[in-house]
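You will see two complexes here that share chain A, one where it goes with chain B and one where it goes with chain C.
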Partner chain A sequence: MTGMSLPPIWTILKWALALSIAAVALFPIWWMVNVVFALPGEPVSLNPRLWPTSIPAGIDKIRLILTETDFLRAYGISLLYAVLTIAGVLIIGSLAAFEFALFDFPGRKLLFGIVMLSLMVPTAVTIIPTYLLTSQLGWLNTMQGLVIPGVASAFGLFMLIQFMRAIPMDMIEAARLDGASHFQVYWHVALPLCSNALVTLAILTFMQTWGNYMWPLIVSSRPEMYTVGQVVGLFNSPLSHQTVDTVMTANLLAAIPPLLFFLIFQRKIVEGIAMSGTKG
Partner chain B sequence: MAFLDIAAVTKSFGAQGVLKDVNLSIERGEFVVFVGPSGCGKSTLLRIITGLETVTSGTISIEGEVMNDVEPARRGTAMVFQSYALYPHMTTFQNVSFSLRMAHRARDVIVDKVQKAAAILQLDKLLERKPGQLSGGQKQRVAIGRAIVREPRVFLFDEPLSNLDAELRVQMRAELMELHRRLGTTMIYVTHDQVEAMTLADKMVVMHAGRVQQAGKPLDLYDDPDNRFVAGFVGSPKMNFLPARVQSSGPNALGLAGVGGAGEATLPFTAPPGLAGPVEIGLRPERMRPLPPGAPPPPNSIVLEGQVTLVEELGSESYVHMVLADGTPVTLRAGRDETVEGPSLRVAADPRHALLFGPDGERIRSQGGSKR
Partner chain C sequence: MSLRRYLPHYLMIAPFIVLFAMFFLYPIISGLYYSFQNWNGVKPPAFVGIANYQKIIASRDFATAMRNLMTYVAITVPLGILVALGLALLVDNFTGRWANIFRNAYFMPVVLPAFLAATIWRWIYAPNFGLLNMILGWFGRPSVNFLNDTSTMLYALVAVDVWVSAGFNMVIILAGLKNIPVELYEAARLDGASKRQQIVHITIPMLGPVLFFVVTYGLISAMQVFDKPWLLTGSSFTSYGGRRNALLFPVMDMMGRAFGSVRFGEAAAYGFILTVAIIALTAAMFMLRRWKWRK
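Coming up: the complex of A and B.
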C-alpha cells in the first residue's frame, strides 16, 4: 500500500466544515425553489418534500406574478436605478480620484479629510437630511431622487484613489509631454490603468443598489416608482393576503438577478471584497 | 545666442535649493551629457528644460524663444524616462503613436511615421506587443520611438540605460550614438556614470550640489579640470590627491614640502602671487610608475613611498592601492610587465602631470605661458 496516502485530517475537517456552511447557506434558496415549483398547498402540508414536485405549477405562479402585479416595471426601475448609480459612481469617483491621487491643488488634504470623514458617518444619520434635501428639490418619486444621492460614493472614491496612486507619475508626465490634455490623460491613461478597480466598484455598487431597501422606501412612496425590493416587501407585509408560495415566487424573482450576477462575476466579486477590505 | 540657452537658472523646492545659478549654452546637434552624483539636480534641470518643472528664477530659451511659460508639449522637446513610462495597456504601435493620436493626425500619417521610427529602432516585429511582453532593451527602444515620432528639436534622456544589464547598456549606448549621428538632433543625456558620459558626450557637463562645475569636451575635463570635484569625478580609478605645503615660489618652479607626509617636490609651475600654505597635488593613477627596489628615481620626479594594501589584477593591467606614511590613499595603474613587490613600494611621478588645487578645492593654474 505504498504511495497511497490519506488526506490529512485537517483537510477533511476543513472540507466538512465548508460543506456544512454551504448547506446551511444554500438550503433557504433551495427551499424557495422547492416551494415555488410545487403544487399549491403542498409545501405547508403535513408531508412537505425536499424537491420540486410540479414545474408547471411553478411556471404558472411566475406568470401570475409577472402579469398580475407590477413586478416587471419594478425590475425596470431597479435595473435603471442600479445602472445609473453605477455609472454615476464610476464617473464621479474616477474623476475625483484622478485629481486627488495624482495632482496637488489648494485644499486637497482638507477636502480629502472631509470625504473620508463621511465614510465614518452611518447612513442612519444622513438619511433624514438627504430626504429633506431631495424633497426640497422636488425629486420625491423621481428617478433622479432615487439615484443622485447615491452617486457620490466616498467608499468608491477611497478605493479608486488607492489604485490611482499606484500609477507612476512618469507615465502621467510622459502623456503630458506627448501633448495629452488633462482630460485625455484621465481618459487614455488613468482610466484604463484602473479598469480592474472600476469593474470591482461597479459590481459592489450593483449589489449594494439592488439590495438597497431603505432609500427607495423613503424617497418613492408611489407604487409606479417601486423597486423590486419594495414590491417584494408588499408581498411580505403582514396584511397581505398572498399565500406562502406566491410570496416565495416573488422572492425568487427578486433574487434571480443578483444570483445570476454573482455566478457570472463570482471571481471578480471575491477579489473585490478582498481588495476593498469590506463586505459588499 | 546659442541654440538652447540656460541662463541663471535657480530652482528651490521649499527651502531646499536644488539648482543654483546654472548657466549653459548648447549648440544645435550637440550630444550633451549632464553627469554628477545622485541628487545633484540633473533630473531637475532636464525637467525644467522640458517644462515638467518651473524655474524659481532664470530663463530657458530654445532658438531664441523664451520657453519658461510654454506648455511642455509645445517646446519641441521629447523625453525618455528612466522607467521608460510606457503605457502598459497599449501596444507598441499605440505607445509610439500616442502623441500623434493626441494631436489628431491623419491615420496614414500616423502609420507612416510609426513605421519609419520602427524601422530605425528595429521595432517592426514588435508593434502589436504590449510592454509586458517586451525585454528591457526593447522597452527602451519603444520609449525612444515614442520620442522620435514627435520629431523634437531636442531629445532629453534621463538615465535611460540604468535599468539595463551591463552588456545591453554598452550596446544601447552604441545605438544611441548611431541614432544621434543619423538624426543629427540635439540630445541631452543625464547619467551618474562618468564612463557613460565620457563615451557619449560631445559636451560633458559635470554637476555637483546644484551647480555646474565645468562644461566642455570630455578629454578637456579629464586633462584640465577646473576644480577638485571635476578632477576626482572624471576618470576611473579616481585621481589621487596628495596634501602638500607651499615652501618656495619662483618662475616655473614651485617648491612643495610635506607631500603625502614628508616628501618634497618641485613643480614646473609659476604660482599666482601670494600662494602659500596648504595645497593639494592631483595625480592620475596612470601618471605614476612603480620603482623597482633599489632603482634610483628619474630626476626631478615626485617620489612617494607607502604600504601596498590591495592589488587588483585586471589582466592587461593592475590597480595598486597603497597608503602613504601620513595615511593618504594612493592608487596607481601598473602595466603587466611592471613588478609590484609589497609590502612597501616606491612610486615616481613626473611633476609635469601634477595638478594643483587650493584649500577651497579650486584649481590653481600656472601663471603666464605654460598651459598648466
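Coming up: the complex of A and C.
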C-alpha cells in the first residue's frame, strides 16, 4: 500500500471518497439500465429506478423498438459507417506511416510538416466547406459521403508513425535481401510488428465514429440514412412523442457497443488515450 | 532515374495524401473563398468582400454565443482539470485491482458517445419526475427546470461536461504520474517533506507538460462545443440555443447559419473567425508556458 503512513481515518475517508465518486460516475448509466428494465408507466415516486424491477418488461421494450421503429436500420448504418472508417483509416494510414517513419524521399519533410500542422486546425473551419464538397460530389445521404471525408486521419497517421519508428532497419534490409518487394516488406514485416498499434487505433476510431454526431447530422439528413446518434437525438427532440421508456431503450442499445468494447479492450483504450496525451 | 527509385514510396503515400488534400486542404482554401461570397448553395455565389465577417461580428447571436462561450470555457476547463487531477491523485493512492476498478469506473462515462451523455442527462434534469428533482423533492425543495431556466442552464451543461471529460483527462494525468521517478519522492521523504508538500513541490511541477497538454487540448475542444448543448436544449436547425439563447455557442450558431438560414458564405466566414480565436488562445498558452520557463 502506498498510503502506509496515513492514519486509519484517512484510509476510511479515501475509500469513502473513491466509492462515492464511482457512484456519481456510474449511476447515470445504471439508471438508464433501470429505466429500461422497469414496467412502463410506473411513477417515479413509487419506483425511483434505483435497481431493475422487471426484466421481461425491458426485453419487451427492446423488441418493440427493434421491430416498430427504424432503429435497427440506423444501427446497421452506424456499424457499417464505423467498420468502413476503421478499414480506411488503418489501410491508408499504415501505408503512409510506413513511408514517413522508415524512408526518405524528396518532399517527405514538407508533406509530413503539412499533415502535422493540420492537427492544430479546428474542425469548425473545415466542416462547412467539406460538406459543400461532399454535396458537389453528389455524396449526400450515401455511405461514401459519411466515410471517405474522414478517412485521411492525421491523428491516426501520427500514432502509427510513432510505432513504426521503432522497427529496426536491419529487419527491413534482411527482408529486402531475401528478395521481398517494397510492398511485401510493408505487408509481411511492418504491419505484423505494429499490430498492437493498429488494434488500439481501430478501437479509438470505432469510439469516435460511433459517437460522431455532427457529421452524420448534416451529411445524411434523409431518414433512411440516419445513424444511431440522429435517431437518439430525434427521440429526444421536443416534438417527438416518445416516452422516457422508448428513449432510454434506444440510449441503452446505442451504449452497448462502446461499453462492450471498453470492457473487452479497457487496457488498450486507456493506454491509447494516455499515449496520445503524453507523447503528443 | 530518381523518379523510378522513389516511385514505390510515392505510390504508398498517395492514397493518404490525395484524400488529405481533397478533404482537408481543399476545404480550407474553398472555405476561405466562400467566406467572401454571398451564397445559398443554389444561385451562383456573388463576391461581397468582407461583408460576411462584418455581418457576423455585428450580429446579436454572435455576441451572445461568444459571451456564453467565455463563461463556459472559464468554468469548465479549470474545473474539469481540477477534478481530473483530483481523481488521478486519488486513483494513484490505490494499488493493484482496486486502482484498476476505480480508474475504469471513472473512465466509463468517456466511453459513451457525447450524444448519449447529453440525452441521459436530459432525463436526469427533467422537471418534476427527473432524478435530480426527485432528490430535491426529498429535501422539500421545489422542482427546478434545469434546462429551461437561464440561471441554471450553463451549469447544467458544465456538470455533464465534467462528468464526461474528467475520466479522459484523468487517464492522461495518471500516465504522467507514472512517469515521475520514485527517487524524487524518496529523497523528499528523507528530507521530511509531508504528503501535501510532495504534491505541491514534486507532483505538480513534474506534471507540467502533461497538464499543459490537457489544458490546451481542453480549451480547443471546449471552444468548439456542439453536441452536448445542442442535444440538451433539444435543438434543430430552425430552433437552437435553448431558452433566450442561454446555451447558444459559436459552432451551433455557425451550423444554424449554414443549414437553417442556408447562408454558406456566412457560415464559412464564421469558421474562420472561430479558428482565429482558437489559434490566438493556443498561441497565448504557448507564450505563457515559455514565459514561465524563463522565470
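Definition applied: the second predicted complex is superposed on the first by the 253 of 280 C-alpha atoms of A that agree within 3 Å, B and C clash if a C-alpha of one lies under 4 Å from a C-alpha of the other, contacts with A are read in each partner's own complex, and residues count from 1 in each chain.
Simple rule for what comes next: contacts are C-beta pairs under 8 Å (C-beta built on N, C-alpha and C of every residue); 3 or more make two chains touch, one makes a residue touch a chain.
It should be emphasised that the depicted structure is a prediction, and the values quoted were computed from it without experimental measurement.
Placing chain B and chain C on a common chain A by superposition gives a fit, with no clash between them. When the two complexes are overlaid on their common chain A, residue A:A175 makes contact with chain B while staying clear of chain C. Of the two partner chains placed around the shared chain by superposition, chain C is the only one that A:Y186 touches, whereas chain B remains out of contact. Chain B and chain C, viewed from the C-alpha centre of chain A in the overlaid structures, lie at an angle of 100 degrees when rounded to the nearest 10.
Within the superposed three-chain model, A:Q266 lies in touch with chain C and out of touch with chain B [touch as defined at top].
Between chain B and chain C, more residues of chain A are touched by C. After overlaying the two complexes on the shared chain, residue contacts for A:T123 are found with chain C alone; chain B is out of touch.
Contacts of A:L204 after superposition: neither chain B nor chain C is touched. Closest contact between chain B and chain C, by C-alpha atoms in the overlaid model: 11 Å.
Residues of chain B touching chain A in their complex: 50-52, 72-73, 77-79, 81-83, 85-89, 98-99, 102-103, 146, 150. The touching residues of chain C, when paired with chain A in their complex, are 2, 6, 8-10, 12-13, 15-17, 19-20, 22-28, 30-31, 34, 41, 87, 90-95, 98, 101-109, 111-117, 119-124, 126, 129, 131, 134, 163, 167-168, 171-172, 174-176, 179, 195, 210, 213-214, 217, 220, 223-224, 226-227, 230-231, 234, 236, 250-251, 254-255, 258-259, 264, 267-268, 271-272, 274-275, 278-279, 282.
Taken together, the chain A residues at the contact with chain C in this complex read 1-3, 5-6, 14, 17-18, 21-22, 24-26, 28-29, 31-32, 35, 43-45, 48-49, 91-93, 95-96, 98-100, 103, 105-106, 111, 114-115, 118, 120-133, 135, 148-152, 154, 157, 182-183, 186, 207, 210-214, 218, 229, 232-233, 235-238, 244, 247-248, 251, 254-255, 258-259, 261-262, 266, 269-270, 273-278, 280. If you check the complex, the residues on chain A that touch chain B are 168, 170-171, 173-181, 184, 188-189, 192-193, 195.
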